[in-house]
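These notes are about the structure you will find just below.
When the chains are written out, they are named A, B, C and D in that same order, and each has its own residue count from 1.
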């Protein structure tokens, strides 16, 4: 993971000590289940918990000896135990521990992401309320189309983020599976009841049928949802980069006092955070392919997914966490130039009202083709001469009264349904 | 789309005539909504439906003239209409029609996929019942691990496919959104009530806040789920390719009579269908990245997604449909060599029972390390000398009785929980 | 392949008849080599050429019977032959024919691409000469930075396309390998001399060591270069989309007379071709991953690459061909608004000269930090008050003379090295 | 970067101190060029070199203040300088330094990779010589095809790796470009002569026309080649995984003494290194897409590539370095079971000789179809009854003499051209 993009509390989730502790949790949950079922002596899990050792140096030493993480872990964990050590890791295969612990970690990371998304949703909602009626030009193909409000732009982001929140909830449900089912998933040396009890303690469901591991479709689905969230952020960041362009300047990302935009050009305020977010979204996308490839393992498991997962799980969760935190900061400090929005709205001298003009002509009885041609013609003259479309209409159109023409060139007309749109989100 | 992989009924969904018909459906649903709200004269939509023309040649002619699909479509569709033509496409922007129709298409394609998955689920379930108790070796890292049953392998596929079925249901819900909200989503020239009524007729929900189009996160999510389904099939196909290898030969894909395996080697039966499915899954994966990139459009929409979608939507839905159909065929005709499964089970002369041997030694009071070392030692001798691990154990282990040792080398021990696993799926 | 993006002559390369003809070419080249080496009777290849039949319907019939393309092909091709039929496909394995023919096809497609790139290079060069001294603002982060010329922008595209041309030459060399080496590459039934002679006739080199097929690293490399070319086009298209934005309007893609920009807004000229090119580049990128995955085949070959290649080879070559043709059209008809370039250059009222101002202050003896702070301060006032930076400098800076300040705000200063840059490309 | 996969000397290349030192090198090269051209006072660069400070803590402090890496770097580096500080970073923009230094780093990383590939090439060559005549079955579709030699398998890997070596040489040439051309590439404040002299000192060529940065097609090409190398390794690792399968066991990756294969099954030797390499190749592939997306920057540069490059450059170079080192280890210690190769060769009781049998029948005058059907028939009986194809042939075929039939079932026939294949690589 790139250190500068690793933020607390996500960062800590992935350090090695935390990983070993989570393995221990799984082992203890299993012992306690055995105990509850009367398979091992009462008190074993209590003693194990008391005597278990987590010591990173010792772990590394053992790992070097054995080239096997779990054997090293068991050796370390039991090094100070008494006879309860016999029932530690009893009947288990490495993956029972590792894979179940991984699910605990992923659920935990998911919760952090959901929390952060909730904050971002609130920020988006508040911002959409602030600019609910703020007129701005809607652009399609990068070209001025029709007036809309800045609030609606933000509400659109809010709405997508809400969908993503629901997708992530669904993904969390899908990732919350563990397995304590032995080397090939047949429960040969550990009965299904142990799995059920142990996983309940860890807030996981049993994988209904597992191989040596929990199937990787669970994980792949999780990763694709993260990439989808990232692309929503990329869309926001891309919009702001556009709005911050010198010629547009309708919005600007926050600029820390003391921050320098460029070593060469002191006046420059660059949307570097937005650009950074766009780059990070590319990274998030790249994890999806790997996660999908990892789903196709040989037989009852091959371990080829493991090296790849050492990159993608810590990187994907931490990178998205960073993105969510920074997007919240970005939007909370967003500088909005409403006056420039109004100025830009008038940039085409009324051409943006052309569709409405056409529709009013049709209402007056013109055919669609006639109306289209007339308006296209006037638009061209407006474009070429600099005269406003309103003035040209007043001079050249007779089927509409002056008042009717005045009404057509009224930007309020375009935002008359804003309240109805917002009402769809009532209760937020 | 590659013609040979395009099957009915998915193929027909994507032909141009069907597309134009679906555009017409949307236009008529909107007219009918206008009518219901009293905005346009009663009878307009009825007349429009009666007089509307779909003529591919005319469409192509107009498209060449205008370089604009929807203008060409409207011209064609209204070419025989009377005065109702004035209210055709009234207040709409092209994307109201195209994007809403696309959602209808995607829902339709999704339904075909769901139907096919249901068939496949039944096939998988039946197969898993047939081989419920069929002993076979479980392999991890490609190496023999412990006995399991062939039914459990299949049940694992069934279980993943069931998760995918639920994901696809969720994705269908997510794709079933339309929009009739004008050029930038502000409902300037068409009130939200029209959208609501029209979409209800089309079995779609209104996008709560749209730009010129329905946001592409809906579509990206849909595509990622399709890729996930494909990777589940790839996992099945990969397993069968492994099982069909000359040295293993535990299963074989169906071989049509008359089919020739190789132009050179008449004896060869190659798993070409499975290999084909693996290649197609790579193709399915590749659509995900494009779909995710398509989510990041400029402002109230740019049209860069459109050219890409001409590839990925028809190709992804048709390719997955083909994969599902062929996987069903593959599994229905799967040749299973149970006798080879038994033969392979014995290939390591008992080494696969080593873990259990170790656990029984621990139960007798040996420390984990002692037991491990002893079993590893015997295993090595078994490996090197060709003597069976049971015989070696009988000769060298004293803490276990002869009967106890005999019991250890019993493959039934490993599958004693099969019934309990299947019970988790009761009601299927 | 999406029909609308398939253009001649690339389109024809991939149709089935052409494919069968190319298979025949390979078979005949092999026969002729055998003949030359005296292994088969003189005249065999001549008779075979004369009597060989290509009949698509017959081919399809046989393919359905045998489920094997090459067996069907051999049956069809030899159906009218006499005794020479015995030496047709003699000693060959299917892949000797298919894979060698594929290389011929890919070289052919590569030549078409190279031709089209040459045309595009000329267009780019000419355009860069036309606008060599045309002042325009250089933008970094989307923010005005320093003046440059429009010609330099284009020269940058030219320079990248030239690198791509060289990469594609290198890729062509890498794809021009065939193999006539039998089922596993051991030349068991066909001596290396036959391969050498036959491939020479087909303008291919022998793969120095082959499996059943030519290794897929050759093909993967080829595909990655195509994606790289596509991304160069995407960069051009993205720039023009930016320049065509309503607020910028420095350039515009060609607009056919009669073309309609929008069904709703008659005034709109949208950069739809550029947007289309951007979407297609996403598609081109997606082929890379598949091509790289296809490199990892099992043992002496598995056929999983084959189904995937039915998509990516025809689609990648045809799509890039379309992109090259359309980019040439785009640039040849590009509308350039030099007056808007000048207008935009002045948009920041001189802020773009701030770095030079700072450097001149340093030259006069100010420390870098002092100079930076002073200029940043004046820039801020310029930004906030609307006064030009030149006027502010004249009023507030004493270490520089009036003339020196006037000189600083001279855009010609920034383009004084244009000739030297162009000289690096002399001889084009 | 995942720490466990970061090996010296690649690891050190990417640490921050090394980065700052490389920035300093670039700054000093530029100063020295200025000096040589008489633009700044003689001795400036000497003093700067002597007084320059690299202090990570100070750098971090300044970076936090300014949010700008290069401004922080300049402040740190010049903090102890005298008047020469005025000419430090003189006329430069941040990217002149960062991007040029990046190229130096990438060339350096490329050299390490090339060195490691050279070692691997030698290992592959030696191995291919060792097993030049070692008979083994060639497999297509995972099914036994014809005999070949284990040396030829390895020679195939060698041949691909050699092509990759040449591609990487080409990529190194393509990445060895720097730029000292100012904020938008116009050389406004730094003449082209300075660039030329400075880059010569750094062993880089000037980018013939640059924007604020060196174009990202250079970098994208470099990354795609790395992914291609990784996929070659993945192919090797996949083969060994197949050969190590319990049923095949023709080869085995090295097994450290003391290493434990499984916490549960003491006998298991798992190809975990090969599996790891396969997973890492997936990661390498994922960088390609990001690198290609990074090529499409806005105008004279946007900085969105930067955050993504913080992941992909260190991760791609280090991961591939790890893979190359480990593959060399893997192959040097590869355990080869020649006796199992021979045993497996006989597994089909002669079916692998069926093509030759057919060809000999054709030579005797049978038609291709007749011969095919006869051999297919005998093969089927061989398959079903367990009788060998040779015995069946002796009993059932009359057109061939006993001696002729004996000759057909001779594996040496299949490897008679091995020497000729190796000769193509003479001089290695």
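Heads up, the rule we're going with is that contacts are C-beta pairs under 8 Å (C-beta built on N, C-alpha and C of every residue); 3 or more make two chains touch, one makes a residue touch a chain.
Because the structure is a prediction, the values reported are computed rather than measured.
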Looking only at C-beta pairs in contact, point me to the busier pair out of A-D and A-B. A-B
Comparing which residue numbers subunit A and subunit C contribute to their contact, where sharing over half means same and under half means different, the two sides are same
Centre-to-centre distance between subunit D and subunit A (centres being mean Cα positions), rounded to whole Å: 33
Subunit A and subunit B, separation of their C-alpha mean positions in angstrom: 24
I need the residues of subunit B touching at least two other chains; which ones are they? 74, 89, 139-142, 145-146, 182-183, 241-242, 262, 264-265, 270, 272, 275, 285, 289, 293, 298, 302-303, 355
Subunit B partner, complex, touching residues on subunit A are 74, 85-86, 89-91, 138-142, 145-149, 152-153, 155-156, 158-160, 163-164, 167, 170, 174, 182-189, 191-192, 208-212, 215, 217-218, 220-221, 224, 227-228, 231-232, 234-235, 238-239, 242, 278, 281, 285, 288-289, 292-293, 295-303, 355-356, 359, 362, 367-368, 413-418, 420-421, 424-425
Which of the residues in subunit B come into contact with subunit D in the complex? 137, 139-146, 241-242, 244-248, 262, 264-272, 275, 289, 293, 344, 347-348, 351-352, 354-355, 358, 372, 375-376, 379-380, 382-383
Subunit A partner contacts - residues on subunit D that touch it in the complex: 1-2, 4-5, 65-68, 70-71, 74, 89, 92-94, 182-183, 241, 256, 258-265, 270, 272, 275-280, 282-283, 285-287, 289-290, 293-294, 298, 302-312, 315
